[in-house]
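Following this message is one structure expressed as structure tokens.
For reference, chains read A, B, C, D and E in written order, and residue numbers begin at 1 within each chain.
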Amino acid sequence: MAGLRVLLLILAFLFSVIGFSYSKEPIKIGAILSVTGPASFIGEQEKNTLLLLAEEVNKAGGINGRPLEVIIEDSKSGESQAVLSAKKLIERDKVVAILGPSTTGESMAVIPIISQAKIPLISLAAGTGITEPVNERYWVFKTAQYDRSAVEAIYRYMQKKGIQKVGILTITNSFGDQGRKALLELAPKFGIQVVADERYKPEDSDMTVQLLKAHKAGAQAIINWSVGPTQVIVVKNWQALKLNIPLFQSHGWGSKKNIQLAGSAAEGVIAPLGRIVVWDKLPEKHPQKKILEGFVRAYEAKYKTEPGTFAGHAYDAFMMVVEAMKKVGPDSAKIRDYIEHKIKNWPGISGVFNISPKDHCGLDASSFEMVVVKKGDWEIIQ
Amino acid sequence: MKKLLFNSYSGSLFFCLLLLFAGFLFKDPYLNTVLVMAGLNALSALGLSLLMGLAGQISLGHNGFYGLGAYFSAILTLKYNIPVPLSIIISASLSALFSIFLALPALRLKGHYLAVATLAFGEIIYLLLNEWGPGGPSGFGDIPKLNFGSYTLESPLAYLIFIWLLFWVFFLFSQNLTTSTYGRTLKALHSSEIALKTLGVNLLSLKIKIFMLSAFYTALSGGIYAHFVTFLSPANFSIFYSILILMMVMIGGMHSLWGALLGALFITLLPEVLRPFKEYDVLLYGLVLTFGLLFFREGLVGTIKGWFQKWLIS
Amino acid sequence: MAYLLEATNIFKSFGGLEVLKGVNLSLEEGKIYALIGPNGAGKTTLLNILNGLEKPDSGKIFFHGKEITSLSPENRAKMGIARTFQLLEIFTELSLLENVMVALFAKKPWGMLKSLFLGEFGNPREGEIKSQALTYLEEVGLGSKAKELAKNLPAGEQKLLEIARALALEPRLLLLDEPAAGLNHRETRFLGEVLKRLNEKHGLTILLIEHDMELVMNISFRITVLNFGEVLAEGPPAEIQRDPEVIKAYLGEEL
Amino acid sequence: MELFLQFFLSGLTVGAIYALIGLGFNIIYNTTSILNLAQGEFVVLGGLGMWFFLEKLGLTYPVAFILTLGIAGLTSLLMERLTIRPLLEKADPLLLILVTIAFSILLKGFLMFAFGKDPYGFAPLTEGAPILLGSAIIQKQVLWIFLFIILTILFLVVFFNKTLLGRAMKACAFDALSAKLMGIKTSRMVMLSFILSGIFAGLAGILITPITFMEYDRGPMLTIKGFTSAILGGLGSNWGVMAGGFLLGILESMIAGYIHSGLKDAIALLLLLLMLLFRPAGLFQSAKTAGLRKL
Amino acid sequence: MLYLKGVSAYYGNLHILKKISLHVGEGEIVALLGANGAGKSTLLKTLMGILFPKGGEILFQNQKIEFLSTEERVRLGLSLVPEGKGLFKPLSVEENLLLGTYTWYNFKKKKEFERKLEEIYALFPILKTKRKAPAGTLSGGQQQILAIARAFMSNPKLLLLDEPSMGIAPNLVLEIFQYIQNLRENYNLSILLVEQNARLALKIADRVYVMETGKIIYEGEAKNALENPEIQRAYLGREVDREAPL
């Protein structure tokens, strides 16, 4: 009898779980974003962007007459939850494509699932491993520039300035790890020597030691690779130590909030950033200018804050999928093919995309501008 | 019938079958996935329940065992081509050996101090996986699915059946242990270690064994997890996993093995139920947990038992 | 002369405080001994040392002619030294029966894996242990309460439970720390009879710490009086009772 | 040598943060034997609250300071009322600890809605360049933290060891029933300890945010570090906890500096584990004294 | 001073106290005897509000107290030395004694506290030598002494003692009982004494109650009880008594 009670209880529970599933007309695409948790400052912008864009699309009559529904799942910045979210989107909601996840680790975690389900995934994260080796990533694309490209942009700049010895600081999460690998791997190509390879944890509160070690090792410049508050702490420590060597940040630096938080310390920090942060300083005829302007204005109108580079990743991913669906209809395989073959010279927020069967990202170092912080604002280094 | 259900052996079998039945009935692969996760969590929680409810030793380091079990098994299959079931067992045993690092401090530490020592252990494993694990913090994938010879478990349903039957078997084992004198001796550990010493009980062996057993359960669950999701990265194996299963054990009811089962189902399904509330789910989740713990002081098991008694009387 | 237990020149201090200052103690097999003395004299400490819970700073302990000074309490229990506690150490969450069963388990263990796979049903020892445990409970008069949780017993009966549990070890030497505290006269007499019977029937050697002089004088063969960590007097009850030093330090004058 | 000095000062900086949080645990632990694992969330509340009053509402420093402490104290009181009081006398201590974890999740959710997900910061108490010691630097804010740590410790030591009220609060943790038999209103003592600890956590939040910034889900990490330092030094002993915090900070810094920055936490924790084997009640507390406590 | 009328108490479903009625007069010493498990400690717990009675009423100085909390009863002047002693083990001996005065201590009364402390130290020199030692490191008997001393510090009007002689050396037991008598004489303190050493208890008590399985089965003058053959047999152990040293 105890069992019977328990049975009723469990059944009731299960039914309530199932009760929330539904099936309707609209075309569904899914998104897995770090809406909460440590990476939520990324997921937040991305979520805002998707909501904004979906609204616009539907206002304009949807996709070939059918409304579009974007189902956003919160991965809580964790991989198990991202996996569950992916399963839910695929198995319950039967989405035709998935945008996200927001971070490299989560993206890596869901790849096996979407590959098996044969659903295209357009990741919003940076790690090179997400789309490479490309023959094993048939279904995976991404709209954030490769770490590699960001590293190339930095190294190329350094080459120009004659910097040969660098110290690198990376955060011990997936993003930092992939960045570190790229930094170490590409250095010799540019004749650069990594003299210090230091790490810290996402929750660390002082990086003086790492900076100082790099400096003592003879670094002529520091490259910090992280996202979140730690990149600001590094900046502050760097200023306090008065090392007199330049500090470079990754492409995760592109949020005004970082400058605000760092205050005067941010002056002179250099980073390869997508053009969204400097759109107003671009020449009129730049191919991205119009798109950037339109998006930034709309975003600011709706959310009263500036979008950062992360918002751009979501914008590009969404637009690619929408364009594909408009052309080939809501069919997963066709969407994938469309993106792989037809996104050529395609101006987006993060750059001008050239996706091919060999390159599922389609952005290179030229999608970055080297940007320096001057008087609390971004400035392009010519 | 009543007798049969009361008997924990058939009762638990019935319960597991019920979950399998739910899996067949709804044919919702997503729900099955969630239930597989619940099964894995239940197995981990069962291990922790033996350690905490029975032997009164707290552990915040079980994430370490979960991680070791998963990583070892994945590496064994990928690098050494060991058949998956075998590698799961080997890795669980191997991970269990690591529990000596917990059992030794547990000989001298109690309460909060033991909690921190175990937490440190779990955290060290987590950090080492980050530093030395294949793929570092980014993790690695392409881990083979669970297979028996030529038969490979593909669908969530297959995993559902596998994990819950496995859980049932381990539930029975645990049941055996708690009702035996060995189990009673473990319970005595709770109240007086000094008295046990003077009765000639070898505390070292007692503690090492129960820590190993508990670790084995959790590592086993971790191993299966690896071959279920086929991608691993250290982030899954942080301290929060330990807190999660601790929560399951407590909210289910620490003093009964059923607690691990009910707690795992409750905590695993809770986010699914809260899904329609979108971002508010964090708030609700906290609210449900807080008040769950407040009102089900004896755990879900105790509460259900209470209802049941009333039902019998009325 | 072969003693069952011999402790020579035991020293022990806590922090700077010397609690035992060269105590000697020898127990012949099959006799009942008592250890008395003012509060804080070091009686419990001495017992802890005999039983291995504390290590002496110096001095040696022999059991059956074998030195056991550095042996762990577990091993001493296995050799046949059992004890009870002044401040109770019972297994509060277990029933009386289970309390005693645990002691029996320790004597003849049945491994974890066997318990795991076979459980209660496949385990022939389980029934055997249960009936044995019951006899020990009956020995101290708690047979009728076997199923009750130990924590729900009144204080006096918890003392008896400890004795039953100690007996389950089938010890050769039983160390009792104030077993009669909390018992009234009648119960104390009953306890005295139990102890005497155990002594006569099984030849059990007993060392008893007690402040109840009636019990002590009644059943002990010889008494050792400890005062400030030193032996003040040693001898048969009648002698001790008349010793003016003992009266001054411990027994006191009639009210 | 120059490096060593800087490593040491960095260690002090981090250690000061750990110590400040670790001390917060002591207040509630001293009166209830509970570890309040929502401590980190209260620190976050302090940091974010201060930011809100200071930057968002533009209040002056003292006003914002007092308001923040007030809110932290009140929230803590609310927590005590809602979750601890109904359980305190009946429940397993473990359950109480879990309840604090559950409440921390709730509070975290609340913080997310109230403040959003971005990290925030505000100016330190005194602006200006860091202080130079030889060629090594230390931030001014850290000196402020030192000052507050010393003040708090003095307060705690005097309060808990010299006043009757403080001792009565401790008595509640050792044996609540006997405390009642002395005529001590235990529920009031527990309430008081929660308010105190809330205020104290709020203070910690205000002090460390200028250095580390603060976002809504920083809580668990702060809790774990504070907890670890408290155990390292010896839970319940204020000096011990403070020393534990600094020791942990310096240890991490030295390991990062001289051995391996990626493994600094792993090595520090390994040392902690080894230390616990030999000093099971923390470095600065004897096992005997700790053994007299319940938990 | 204290009146109990038909008080019943339960542990869960177990009926332990069955309609107990008794009273303690001003300045009176009342002994409560009874076998193991009779419910004596339970009765004291009920008096202190550790356990709440189901039915019956408790009057203390003509005030109904059965619904008051433990703390409030202490403030009214009740004080209990419980069976388990209930010391604050990590606190020093002196701090334990200080906490005994919680209800009346303040700065102004510091002198009085010190006087009282000296008095207690004079009675129990052992406590003085151990004043800085944590209470938990005392020997069993010393802890018992401390518990009693702490109760003496609290200036109660009615003192409830649960087996004060337990674990205490014979000579010291005599001194403690002597002191209890002094307290009564000097401060007009009332005492309810649960004791296994019946002979001694009856010597200093005015009246006696005997409990058995939750009921009062005998009530009378202590002197008469000494003569009562039933009580002699059950609680005094007459036969052995003659040889006993006491």
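Keep in mind that, in the parts below, contacts are C-beta pairs under 8 Å (C-beta built on N, C-alpha and C of every residue); 3 or more make two chains touch, one makes a residue touch a chain.
A quick map from chain label to UniProt name: A = ABC transporter substrate-binding protein; B = Branched-chain amino acid ABC transporter permease; C = Branched-chain amino acid ABC transporter ATP-binding protein; D = ABC transporter permease; E = Amino acid ABC transporter ATPase.
All values reported here derive from a predicted model rather than from experimental measurement.
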So which chains count as neighbours of both chain A and chain C?
B
Number of hops, chain B to chain D (ABC transporter permease), where each hop joins two touching chains
1
Chain A and chain E have mean C-alpha positions lying a whole-number Å distance apart equal to 74
What's the distance between the Cα centroids of chain A and chain D (ABC transporter permease), rounded to whole Å?
35
Between chain D (ABC transporter permease) and chain C, distance of the C-alpha-averaged centres to the nearest whole Å:
46
Separation of mean Cα positions, chain E and chain D (ABC transporter permease) [Å, integer]
43
Each of the following residues of chain E touches two or more other chains, namely 137
Residues touching two or more other chains, restricted to chain A: which are they?
36, 172
Multi-chain contacts in chain B, i.e. residues touching at least two other chains, fall at 130-131, 279, 282
Which chain pairs here would you call touching?
A-B, A-D, B-C, B-D, C-E, D-E
In the complex, the residues of chain E that touch chain D (ABC transporter permease) are 48, 50, 69-71, 74-75, 79-80, 82, 86-91, 95, 98-100, 102-103, 105, 134, 136-137, 150, 154
Enumerate the contact residues on chain D (ABC transporter permease) facing chain E in the complex.
164, 167-168, 170-171, 174-175, 177-186, 288-289, 291-293
What residues of chain B sit close enough to touch chain C in their complex?
172-177, 179-185, 187-188, 190-192, 194-203, 209-210, 213
In the complex, the residues of chain C that touch chain B are 51-53, 72-75, 77-78, 82-83, 85, 89-94, 98-99, 101-107, 109-112, 115-120, 123, 125-126, 129, 165, 168-169
Considering the complex alone, what residue numbers of chain A touch chain B?
1-7, 9-11, 13-14, 16-18, 20-21, 35-36, 74, 78-81, 83-84, 87-88, 90-92, 104-105, 108-109, 111-113, 127, 129, 136, 172-174, 176-178
